[in-house]
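Structures follow.
Okay, so chain A shows up in both of these, paired with chain B first and chain C after.
Right, the complex of A and B next:
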């Protein structure tokens, strides 16, 4: 199981995957928005998205879990 | 047995490797980015084709047995070395669609030169608006790089219908004659291949260089033979005057003055006369072989080597989406020899990188913006906000200023890779002295005698575009390149619209008025900013000297570096350089 972690604080701008989706290494999964910049979060490890812990518009802190991949 | 080596081998032979190959997933997800870049490249390609086809068709010149400027350059310049500049430049929006001169840097007989010629398809090489500024940029470049200037003169003189746009003024079409005198005075030779009829301004264009070589049909003169009517005492042309003019023109039998029989046979201004157009170019090649140039091994610190990581990756790494960060070191790794880089103070001023690399075995300096977010930085913000890549903060400005100063001491040409949104603003930034530190960097650049080259990778914004050796650094900036992703403006259009109309919105709302008219103005302003900051606009307006595809950047950097080391005016013995020692500690 791998967790997708927010590297910075910001707002969830876009969620590009859904629970149950198969993802591969380096796929773009979630885009955070902070300081007028988009920070894409990429998949570190291929697998199936088992949980998405945030929704678009949420504010997140650095270190928050955004999604889980199994 | 004799033994040989490159200087300061322990520092330069093998420098730290940077960058890493792109993973399959990175390549996969960047395909859309490649398409967006290609769209911009196609726009630029169409513009280039339009300029190349300006004036009469090339076939018409060929049918007369002549060569176009493009044919001449193709024959003259060593294959694979031509780096065109100012191709789209047309700041006055001439009806010709160009400024009537074609120029760039290239090698002739193995030696770098700045090369410029009149486009003989466009009004026989007439002086047209914007042209003198183009020529002055070129003469500045020859002066900065200290390499020969090669002219292919074919100039019919002033476009008389628009004389007010070219003739008078400090930087008008007469100024290049003074620049030629200046270059000669500085010991920078100007070779001139002369074709066609060159009266008046064309005559001075012909006479002002160092070495004059002529085609057999060429002439240069104080004035042309075409002025047959003289002054008309009436002050206007009526039918009677027109009849006299027609008669005079029909009966005019005089030859064009300043022909070869005068300026070769009598005055001996022309060193050579050739009966073919190619012969003139062969003559220039002969003279180029005689031009001063060190053997590259005098200054090389290692054997030339291509980057280990492919330049084609650049289209996958640099995001077209201006809001996306990227690893700037991944860009650098596709530009430097062996993908190596010796970084100066990597832990200080994290928003910029500074350091030494090799280009074709020559030592050079690179400075560029890093991207991303830097939590806990800058120190002076004390956590009030994080640092953002592309912006400049106190440490980064100090680091750049001291690095530039040390490069001046070590005679290292600098290549700037700009992608900047500005200098930090607000009370904390003012207390941290950013205003003075920005100008201090300008001072550091100006007090060196270095050549610098600037690449605006994506954004060139606010004062940061100036302080990172943008084209405003007239005495140091040899040329500035844009890419298919370049945007240059004082600030983003949305920011500008907010700054311009925020108070108006408040007033309208307080008065109970409809906001729509103001919003329309704001959105029109945003649209205008977008249109006037795009790559083609930047090139046409002269914000950059050329738009170059990302994989082509290294070729221009090689030209810049090679030209700098061809005949440097000042030398720091490699073994006495300070920067590599400071970096190693």
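Right, the complex of A and C next:
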């Protein structure tokens, strides 16, 4: 099990995966927006997305869990 | 009847038009295009372009001292030094100094990147500008619009249009000018450096920062007072958390209002006779030179610091030492993520970026003290 962590504070701009999706290393999973700039967050470890902890528009802090991958 | 017609023709602006006016219309149209179509700093370029256009319509006397509408905006807003400090109040209410407080070393990068100013100051003198003009041109290297306007209006008001437009132009062109410099002066390996996590900053530290900084800077360089006091007041509003209405008023309503008068007045200083002058081309050239040298100095300063640091910093963040907030930090983030997609430099770059704002104000104050 791996957690996708927000590396930077910002707002959740787009969520590109859904629960149950298969993801691979380096897939773009979520796009955060900080200082009017879109920052894609990449998958660190392949697997199945078991939970998405945020929704579009949420404000997140650095270190928050965005999604869980099994 | 014929007389009335004749009178109408001769009192119309059209007969007083000069070729220079028409060239200035073209400058205004280019800026309209950049602002509306390309969205380069539209909040400023749009009123500036309109100011240029209307002041180059003859016989409107909009900039005539003691009479013209825009002259009053210019006189009370800029010559009286009201508007640039109010812009700084709004900036203070928007800027988060957290990344600088978490990593105070980055203050050195904000200071290092001011090197371009001093190099350009001497270069401008070699080009035949006088000391006051050279100071106003050099400050463009800080890529800080309000500071450039503040200093130029004190030292060399006849250059105001040119220095202001080039400062804002280079701020907008950060994503084009900086990346080639960044790639030239850093290695792939350096760009890949992932920085150690920033320590959390407490609320107490954030509240104390504007107070302590305001006191320190004003005691050391008193001429920085108008800009620094407003910047830090805005920041104190924000960080205190108890005057949200004042924070919002500073950052939004007041900022937007003064931006209109600032842009329009700056544009209106650009009449054909002041702007169509070979000196202006040199100003744009020297401004670009200042900006490039400042970027290089920031990058090299970061590399120098890495010789002494155990936890290496990514030297790209040095380029954010110019004070174009947050364009330079965004640019660092982008170049960093191209080298290593798991590199998120944005917040690390905000440290030198906000330090750059302070650095440029201090540099302006030093120039003002010695040349004013």
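We adopt the following convention: the second predicted complex is superposed on the first by the 70 of 70 C-alpha atoms of A that agree within 3 Å, B and C clash if a C-alpha of one lies under 4 Å from a C-alpha of the other, contacts with A are read in each partner's own complex, and residues count from 1 in each chain.
Keep this in mind: a residue touches a chain if its C-beta (ideal position, glycine included) is under 8 Å from a C-beta of that chain, and two chains touch if they have at least 3 such contacts.
Owing to the predicted nature of the structure, the values given are computational and were not obtained by experimental measurement.
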Residues of chain A touched by chain B versus by chain C: which partner has the larger set? B
Which holds for A:65: it touches chain B only (first), chain C only (second), both, or neither? neither
Let me test your reading of the model: by the given contact rule, A:51 touches which partner, first (chain B), second (chain C), both or neither? neither
Chain B versus chain C as contact partner of A:39, first or second or both or neither: both
Should A:5 be classified as contacting the first partner (chain B), the second (chain C), both, or neither? neither
Thinking of the overlay built on chain A, is A:27 touched by chain B (first), by chain C (second), by both, or by neither? first
Indicate the residue numbers of chain A shared between its chain B interface and its chain C interface, in ascending order. 8, 26, 34-37, 39-40, 42, 62
In the complex, the residues of chain A that touch chain B are 8, 24-28, 34-40, 42-43, 62
Within their complex, chain B touches chain A through residues 23-26, 28-29, 321, 323-325, 372-373, 375, 385-386, 388
Touching chain A in the complex, chain C uses residues 197, 326, 329-330, 333-334, 337, 341-342, 344, 346-347, 350
Any idea which chain A residues touch chain C in the complex? 7-9, 26, 34-37, 39-40, 42, 62
